[in-house]
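Residue numbering begins at 1 within each chain, and the chains themselves are lettered A, B, C and D in the order written.
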Amino acid sequence: MMIVMKKSATEVEISQVVGWIESVGYRTHFSRGVERTVIGAVGDERGKEQLLSVACLPGVDQVIPILAPYKLASREFHGKRTVVDVGDVPVGGEAFVVMAGPCSIESEAQILESARVCHEAGAKVLRGGAFKPRTSPYSFQGMEEAGLKLLALARERTGMPVVTEVMNTEEVSLVEEYADLVQIGARNVQNFALLKKVGQAKKPILLKRGMMTTIDELLMSAEYILSSGNSRVILCERGIRTFETATRNTLDLSAVVVLKDRSHLPVIVDPSHGVGHWKYVTAVSRAAYAVGADGLIVEVHPEPAKAVSDGIQSLKPAKFGTLMEQLRTMEQALGKIRELDE
Amino acid sequence: MMIVMKKSATEVEISQVVGWIESVGYRTHFSRGVERTVIGAVGDERGKEQLLSVACLPGVDQVIPILAPYKLASREFHGKRTVVDVGDVPVGGEAFVVMAGPCSIESEAQILESARVCHEAGAKVLRGGAFKPRTSPYSFQGMEEAGLKLLALARERTGMPVVTEVMNTEEVSLVEEYADLVQIGARNVQNFALLKKVGQAKKPILLKRGMMTTIDELLMSAEYILSSGNSRVILCERGIRTFETATRNTLDLSAVVVLKDRSHLPVIVDPSHGVGHWKYVTAVSRAAYAVGADGLIVEVHPEPAKAVSDGIQSLKPAKFGTLMEQLRTMEQALGKIRELDE
Amino acid sequence: MMIVMKKSATEVEISQVVGWIESVGYRTHFSRGVERTVIGAVGDERGKEQLLSVACLPGVDQVIPILAPYKLASREFHGKRTVVDVGDVPVGGEAFVVMAGPCSIESEAQILESARVCHEAGAKVLRGGAFKPRTSPYSFQGMEEAGLKLLALARERTGMPVVTEVMNTEEVSLVEEYADLVQIGARNVQNFALLKKVGQAKKPILLKRGMMTTIDELLMSAEYILSSGNSRVILCERGIRTFETATRNTLDLSAVVVLKDRSHLPVIVDPSHGVGHWKYVTAVSRAAYAVGADGLIVEVHPEPAKAVSDGIQSLKPAKFGTLMEQLRTMEQALGKIRELDE
Amino acid sequence: MMIVMKKSATEVEISQVVGWIESVGYRTHFSRGVERTVIGAVGDERGKEQLLSVACLPGVDQVIPILAPYKLASREFHGKRTVVDVGDVPVGGEAFVVMAGPCSIESEAQILESARVCHEAGAKVLRGGAFKPRTSPYSFQGMEEAGLKLLALARERTGMPVVTEVMNTEEVSLVEEYADLVQIGARNVQNFALLKKVGQAKKPILLKRGMMTTIDELLMSAEYILSSGNSRVILCERGIRTFETATRNTLDLSAVVVLKDRSHLPVIVDPSHGVGHWKYVTAVSRAAYAVGADGLIVEVHPEPAKAVSDGIQSLKPAKFGTLMEQLRTMEQALGKIRELDE
């Protein structure tokens, strides 16, 4: 951590800062420039919140952290890339993995038909929501355990492992019982109690970036799960909130590259929430492959106009089939993108 | 809800849309313009998620909701303004209410001294965190129940009611036992399970706007609490995340005016998180009064340089005293700002 | 345009609104819902600013425009897609076009060497800045006319047409003399005097999206150029400003899809400014191809560490060569992406 | 400037960085931490763009500038606060200055009536646009020189100095002839050619913050004007663009405090563009006073429903009168806010 003193800082103020830093267990180091003195606080910055309070001392202009605050999620500390098995499907390995299915589980017929078409088109994991985070208390809140049971039934029929969201610490053990991959949604990315809880789960976790979460904050949220004991985390870019309203969110595909640079964890993309309209989904899905993501999680519904939620951003089966073909063509030509860049 | 058809929409497509809307229980209404046909779906839009799926039909260009999706939180439906009693302190009434205290409860000495100086300066409610949402798992996570007990002790000594945060459904009953006002933090503003749970609490709720939450989404989160049975909600503007990094967040003071226009609920401001540096807190606190807020929640610490968290944004007791004097001067000159505007 | 009245609006207020709308030359149309009356103002909304003032009348709740405000830039009105020739290079046609070169023209040796390596690798257009928009008045401001002459020399040597930026109405005729494609930079996207001026130029225009410009505002800026008489406009996505600081901007690749949906104009992507670091440029360039852009404008420098500006985001020649090979592989496998989607 | 090396950086890489820094004229300074080596580049960073290219060298992780890039605009270098005289009205001195008038000059009757009501209510400077920046080429573009003449007539009648916008270098001398204060609008805040041109003007400049301009970028734009020879610059906060759409922009009142902290220049607030609706203007105007601004520039129109532009955000004369009374009450009670904070 570097402490930049004001131009007007006195020697007494500089001494106080040095004394303060040493009193909390760090060594100090000086750099006197033409206009400013910069004091380095040498030591591990992680859990450094108290160290930041040095900014309260007179004469201090800025406090600049140097190290990334995450360690277990960091590629620098971990070395090789992590592959997370979802059921028997490796995510982060050689193949680009497509997870697909409806936003909400609505009925047995709907989830079984969704599973069938997704499976046939080449999806490897089935998605479907049983607990639904809804902005409005008056909207459909999900089928809950009944939905989880239908999801398990669809797995049985198709052999595809399933991913579904958990929203509350009290439901983690229930969801974990049915899911092969437990999703933490965008709105819960900094629900730290929930992160700690799924950090004790036996199933891998799909951690979605929040719509106002920085890349480093997402990695800190992953760090919560990893440091609680669960080393199987898949990250997911799903769009951030910006001033642009032509799309539901602004899909930040460069975040995939930054995440692969900073972390060893697999990264997938949710194009459906990213753009919010089915007519843009195919194009950005191709881009997600090309940018180097490890997979997709995409909304597919047999009859979008009848969907209880997110119909507008769901692909019809035929469109999804076309997308899968395009992805296969790209994969045949280019292989795993990551190989190109490393 | 208005459905705008494409310029190229055929009569068959228009009929399909009309049929679809009527099939889900709404009446339709036509407006044929020079270039476009607009179809009105007449009926209560709340819980309208399914209605939005009409956008999947061919020929539809845009779907535009007309009504605000909240009802209980709305000023239009509720009529007169709501006053929420926090212990014996009315918030939203005649007086501007200042809540103050440290970010975290750190020790008996620290919270008692904080309570003493805040009370002396004229604060009416004591704040202090026992469960702390921290970006990093390695940071101090709060004293938990031991902290709640110290907070209760400080209340006993000063007579001030206390406000503290709850982060998890499993701790609601514990926090409710000690707190006079239960805070939902910015990161949990769309933790819907938690909102439903505190909607069953017997204590009033302080609902902070998230850094990514629109004004209407904040009101929808309030609607969760209200519709679960707890009618005592205080809203809090605490800064939103923007591209500007000179301040920790961008304090959106105009949101106070919009919230007072759209809702009957009291609105307070958290200047400390809004700006993130003690040297800007006094000025924006005055502005919060002038814009028409019902109160403040501000961080005060006896020795900010020793704070385990947020020292940099905490006022020292003397600075806080000065702020309280300025607020009194303004209140003597102008009275309750709301009266000026209504 | 739809005027939504307040729930409390009286018949007199509704009549006043109707009278007002008719007085400015529009027909009206009614839709009485359960709670609200919605009045349609039927007529061409373009240039509608005055119509918006209806919002000042008592009883009006919201005014909602229905039509896109651009016409010449619109795909709906124009029909088939536009191909813009830059020298003899068609942009928006069958081939994916890569424009490349240094941020600034620095010397004869530098621009000639840049041109040589870009040409050899397969770039079709040479970029290079002679007038440089710099945040700081103390930074290098460009070689101006001397730079334009060097750019012309590089064109002569390689046969590549050249693109360069103009910043001021007074320099349009000078820049136009040398350039095959005249660039309007992100900071000038709403410099309306400049847009009108280049609307009278004989050369095609490369219009970059500003970091704060919505997709519809970008199309309105294109409309300025088109309506001033210059029909040859190429749009460029180059990243928008968001809260994320891990990349210089947030490259909004979904904007490419939306622009291709709403407009007939060609769309290219600037990955260099989009991400701001050379190590992320290759990946997002591939994604720009995959999402359906018509080309790229990418910064390449023979020795980035010696660049007077933007060295950090410039590709070295070898890296650029690798990128071009990957793009060729993708193009051989998939062809022009647009064909896939139409 | 601090150069942070990667954990994996070798001694050779460190030597290369040192050699490079010294080759461009800076001294270096070392700080070896537990995990990282940090190299300080000691020297004046202003105009430092080339120095940033050090980030291209192998082993470099981050480059962190330390000094603010502006000097003439900086409070640290300048010392006492600047008062700018607009005609005979000092801005930045003891009194809070209100500038008011219509968005556009529309006719002689309209501007004279506007001037009369603003003057009577206590405004000190008259605003009115003759050259209008419009998103749409089909919208009213202003009365141009005819408008400037009417503005001069209004000045003659009321004695109030006038402020009006210039959009193009070619019109600077014309506008300067009529205006007492020349406005650079939000969209031109980084039109560097225009900034340099008004830097040679004899009249003071009102520089509005762009909707995506950081505080430091605004100060850099001021630096362009100051370093071109015009020392009379007034800064103006007018709202930034964020995800929130309930207001036209998000008025960043804390920016006023930050600007007063970092710069010696006067700072005023434009509440009309900040919130975009007359019903919110009064409240945020009070807040602008309370936060410590030196004045306001507010839109007032005799008949907002007839305004050719921005009617919705214009105050009627009676509302403006009420606002002026409230401001006087506050000023009588508190005096110049700045005195409270210094």
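The rule we apply is simple: contacts are C-beta pairs under 8 Å (C-beta built on N, C-alpha and C of every residue); 3 or more make two chains touch, one makes a residue touch a chain.
Small disclaimer: the values here were computed from a predicted structure and weren't measured.
*Asks:* If each hop has to land on a touching chain, what is the smallest number of hops from subunit A to subunit C?
*Replies:* 1
*Asks:* Between chain pairs A-D and A-B, which one is joined by a greater number of C-beta pairs in contact?
*Replies:* A-B
*Asks:* Among the chains, which has its CA centre at the largest distance from subunit D's?
*Replies:* Most distant chain from subunit D: A.
*Asks:* If you average the CA atoms of subunit A and of subunit D, how far apart do the two points sit, in angstrom?
*Replies:* Between these chains, centre-to-centre, one finds 38 Å.
*Asks:* Distance-wise, how many Å sit between the C-alpha centres of subunit B and subunit D, to the nearest whole number?
*Replies:* Each chain's C-alpha centroid was found; their separation is 30 Å.
*Asks:* Provide the C-alpha centroid distance between subunit A and subunit B, rounded to the nearest whole angstrom.
*Replies:* 26
*Asks:* Which subunit A residues sit where two or more other chains touch them?
*Replies:* 212, 241-243, 245
*Asks:* So in the complex, which bits of subunit D are touching subunit A?
*Replies:* Residue positions touching the partner: 2, 4, 6-8, 29, 31-36, 38, 40, 42-44, 62, 64, 66-67, 76, 241-243, 245.
*Asks:* Touching subunit B in the complex: which residues of subunit A?
*Replies:* 20, 46-50, 52-57, 63, 69-70, 133-140, 167-171, 187-188, 190-194, 196, 210-212, 217, 220, 223-224, 227-228, 241, 277-278, 304-309, 311-312, 314
*Asks:* Spell out the part of subunit A that touches subunit C in their complex, as residue ranges.
*Replies:* Residues 212, 214-216, 240, 242-247, 250-258, 261, 274-275, 279-280, 282-284, 286-292, 326, 329-330, 332-334, 337, 340-341.
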